[in-house]
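So, here come the structures, one by one.
Two complexes come next, and they have one chain in common, chain A, joined by chain B in the first and chain C in the second.
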Partner chain A sequence: MNAYLALTWMSFKNRKVYKLNVFFRVCSSVLLIVVLREIWTAVYGSGASGLTVTLADMLTYSVIASIIRTLIPSDFHYDISQRVQTGDIVLDLQKPWSYLAMTFFRTLADLLFGLVYVVIPIAAASLLLFPIGVPTGAQAVWFVLSGLLGYGIAFSLTFLVGLLAFLFTEVGGFGMIKSTILEICSGAMIPLWLFPAGAAKVLELLPFQGVFSIPISIYIGKLQGAAMWHGLELQLIWAASLLALAQVLLVVFNRLLVTTGG
Partner chain B sequence: MFAHMKIYLRLQAANLRARAMYPLNFTLILVSVAFFGMTNIILTWVLTQKVPIIAGWNLYQIVFVMSLWRFSHGFFITFSQQIWNLEYLVREGVMDRFLVRPLNPMFQFFAMRIQIYGFGDLLAGIGGLVYAAPHIGHWNVQKLLLLVVVVLSGAVIEWALMTLLGVSAFWTLQSGGLMGLLDTLLDQFSRFPLSVYGRPVQIVLSFVLPISFMAFYPSYIFMDGMEGPPFSSVLVYASPAVAAGLAWLAYYVWRKGLNAYQGAGS
Partner chain C sequence: MAVIEVNHLIRDFKIGGGGGGSLRLLHRLLGRSKTLKRVVDDISFTIEEGDFVGYLGPNGAGKSTTIKMLSGVLVPTAGIVRVLGLEPFRHRKANAGSIGVVFGQRTQLWWDLPLRDSFKLLGAVYRVEPERLQRNIALFTELLDMGGFLDTPVRQLSLGQRMRGDIAASLLHDPKILFLDEPTIGLDIVAKENIQQFLKQINREKKVTVILTTHNLDDIERLCKRVIFIDKGRVLFDGSAEGMTERFGGQRYLVLDTEHFDERTWDGPPIARREDNQLWFSIHDDKEIASMVAAASERVAVHNLTVKEPRIEDIIKQLYALGEA
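Moving on to the complex of A and B:
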């Protein structure tokens, strides 16, 4: 365990080299928040009936969605693909630890880094410029737990895309398809309750809502009591099954991997 | 001129052959770029099921504007995404090569490669336009010709703005961050027509960073029964002028940048 945490700490320190990058990440997030706030204000101004939640809740929803977006691991499949191309992947797989866990603890550094250097400035900015509600007590605890489960789901999805590199080497296309599906089906842009009833029913069975919709709904207090337990349960089931699937495919694909160098 | 075109076609034919080396990945990326480009159409459809008219715009009008932008953007990506590599080429000293050959350095730089994945954006753009166009107004030959002019102006505007930022690499050796910011801006603000946003945003996107001339203002030419655009209805026809002005500025700054370029020592 210590070795994994050391890896997290090492990657965390590496991240600090790219300061300018952080600045632009914060700028992009603030920009997204501004755009979403303006859009939702216009949408609510054009007819608020049938939109389920209040404008204030919807604006909070957008801010939290933009923050989650910068925190979830969404592009480390490029790193895996890169290492398959160069052959360095062999070195990772030979080491006496789990490749899945190693990748997880490495991306965890990104989460920590994002929390410290991206979320705090954005949260400060949004409290000053556009105040949002903040949950307290048990609700806050369940939100954090739900957010972490969502992180697990997002990690597994990206890892699965990365594993495809063992077979196809290049995975840019698969990654883009994953991002598109996540963008539409997770509630990242438009909450699931605004989808047509039939579509919403299907989306509520899929893992994608666990990344955005469930944690944010807990945050704004839309999911409470039994509905919240059901949401958390669903997240737990999906996170566990996707991680298990990743581990199984890792073993299978490992046998099929053909690469050069090392 | 003719010689330039011949060289350009030769180079791009070679590029295409190189790309065809990984046919599966090539096709997959093309399809996924097109799919990604249509995300906003799908999301807007979902939203207009609940709120049919947003700030005076219906589904087809919103889709028309965003697809017009995406179509221009597709041309930009295809023919000038190379600008993203400028900082790298400056740092590596590759620019030296362009300066000693007997052809315009800017032509050589952009002719180095076309980005075929831009075809995905073109596909998504044309798909959205075909979906929306019949529902927004009457079409005739003049309007179609105007559409061509508008699309090309849009591509030139994005090219000029990106070049203006990219050229900063000649002085600072890094321009990726700035261009990434403009890219995010274009991406986010092309989701909805400018009317949706507040006055400050409208002023910035019209007169400071005139990206609204890529699709928003000219879209009024093609839509019947719309109220005039913000500020002035003259702006509807201003895209070609904006494009020409920005292109001149971009070329001027590019020349300045080349003079400041010092090469990479080794």
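Moving on to the complex of A and C:
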């Protein structure tokens, strides 16, 4: 078996060891969906204007946002930081693999795991409790592609935070800044079209919207045709540049890495 | 053939002030409170194929740092490192394929999965052909007596079992060189002997060059043909294990317990050392012993006599003391 795929498979098996953890992940996602549905129903019921999309689309938006949130790699910088702290990072750096690719294929196991053990239960629950629209045909294909590009962006952002551990060891603070920025600027909570026009224009140039706003907008059919192509293009450019940046910084920071003791 | 060449190797660490954590960002940006510590200070040695080298020194001497540079994890500040002709840091992947590394205080095994799974993954990572992998797993399982716990999750293994697993894991891809950083730390005598026996065997039969750091003196006595002793980043001794014994307290002594000894009137064999009522005579040749005893007992009352063999603990103590001086 290919080394990286073997790694994904091992991480996947490793994940399965702690099954209770999964149950709570599903619970927290369902809880968030319920809360967001109530909020948006109240907002739409208050007769506010300029909401752009229908309530049904908005509810779908928040369900998909919750699912994406459970699937994207957002906290493996803690693992990197911990391994720098204990010095175990030398084991990862010593192996005949690319550290970047190794980390990617390890987190990919979480995606697989999430798809099987989190998304399917949530999808089943939401279909039963609060039905949402499901795209078909080409739209579904573009959504999946867009989601994968978004995954690449989210991975790179977390990896970059993790790399800071090579210099600073402890990166919890950086991680929190990243999570907050991602949560606000990506449209995860509030769609970008509800932001003031000026702010929305800036946010549409940044990588963060590629993780949530673009794929979800494709899902609900708000982003179509030329606008969709533009969105996918933007995602691709950001995913590629962030990965390239991660690789360059990995090489630079690796030289600066200090591991003392044992 | 020299498999490892180290030439005037230097490694500095910047020790940032102001504690750890994100605040170090500020310190770094302001460029303050950085102190430079030279952990490896101009080390040179070459190691030949098939050698079994003990790389010794007190804690903090720079042993692990050297091994990290040899395995390509750390970049040298200055000097040259070559492993099988390659610079490890520049050719990290190629180098990784021809060396095996065990850091005794860490594990490369997957904590929550059976030992066997880690072996399989490493086989894939090092691109070992399936038959060769199976053969190696079977061989190491037999030699290291791992049959009983091959399917047990690593977190449930004892330290000795885990260490055997780690050593086997580092050899699955048939590396030419094996670096062992304290592989016998904290092990009981049975586990230790099993591992020593195994290392001896792979060194002899598979011609694996072994570089071993340890604080266990019997590792040195039983395994190491050659010893490199470093302290404060410098080589203090490099030579055969016997050479070390000869040079540092390698002397055997005849020790006599006496009374009424008077140094001024002494005309017997030359005294090497005197401790209270004990007289120490250097033995250069076993044949001298009888005449020495006879000569001494003519002059003083001998209550007891012993022959002191060189003890490796004493040698190491002497070497440590040399580093302090």
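In the analysis below, the second predicted complex is superposed on the first by the 258 of 262 C-alpha atoms of A that agree within 3 Å, B and C clash if a C-alpha of one lies under 4 Å from a C-alpha of the other, contacts with A are read in each partner's own complex, and residues count from 1 in each chain.
The working rule: a contact is a pair of C-beta atoms (placed from the backbone, for glycine too) under 8 Å apart; a residue touches a chain by one contact, two chains touch by 3 or more.
This structure is a prediction, so every number in the text was calculated from the model and none was measured.
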| item | value |
| --- | --- |
| Touched partner set for A:Leu194, first chain B, second chain C, both or neither | first |
| Touched partner set for A:Gly45, first chain B, second chain C, both or neither | first |
| Contacts of A:Phe208 with chain B and chain C, given as first, second, both or neither | neither |
| Touching partner for A:Phe113 - first (chain B), second (chain C), both, neither | neither |
| Touching partner for A:Glu170 - first (chain B), second (chain C), both, neither | both |
| Contacts of A:Met10 with chain B and chain C, given as first, second, both or neither | second |
| First (chain B), second (chain C), both or neither touched by A:Val90 | second |
| Touching partner for A:Leu257 - first (chain B), second (chain C), both, neither | second |
| Residues of chain A that lie at the interface with chain B and also at the interface with chain C | 168-170, 172-174 |
| Chain B to chain A touching residues, read off their complex | 22, 24-25, 28-29, 31-33, 35-36, 39, 42-43, 46-47, 49-56, 174, 177, 180-181, 184-185, 188-189, 191-192, 196-198, 201 |
| Contact set on chain A toward chain B in their complex | 20-21, 23-24, 27-28, 31-32, 34-35, 38-39, 42-43, 45-47, 50-51, 168-170, 172-174, 176-177, 179-180, 183-184, 189-190, 194-196, 199 |
| Chain C-facing residues of chain A, complex | 1-3, 6-7, 10, 13-14, 17-18, 86-88, 90-91, 93-97, 167-174, 254-255, 257-262 |
| Parts of chain C lying in touch with chain A, wherever the complex brings them together | 13-14, 20-22, 24-25, 28, 39, 64-65, 68, 71-75, 92-94, 96-97, 101, 103-106, 108, 110, 112-113, 117, 120-121, 124-127, 181-182 |
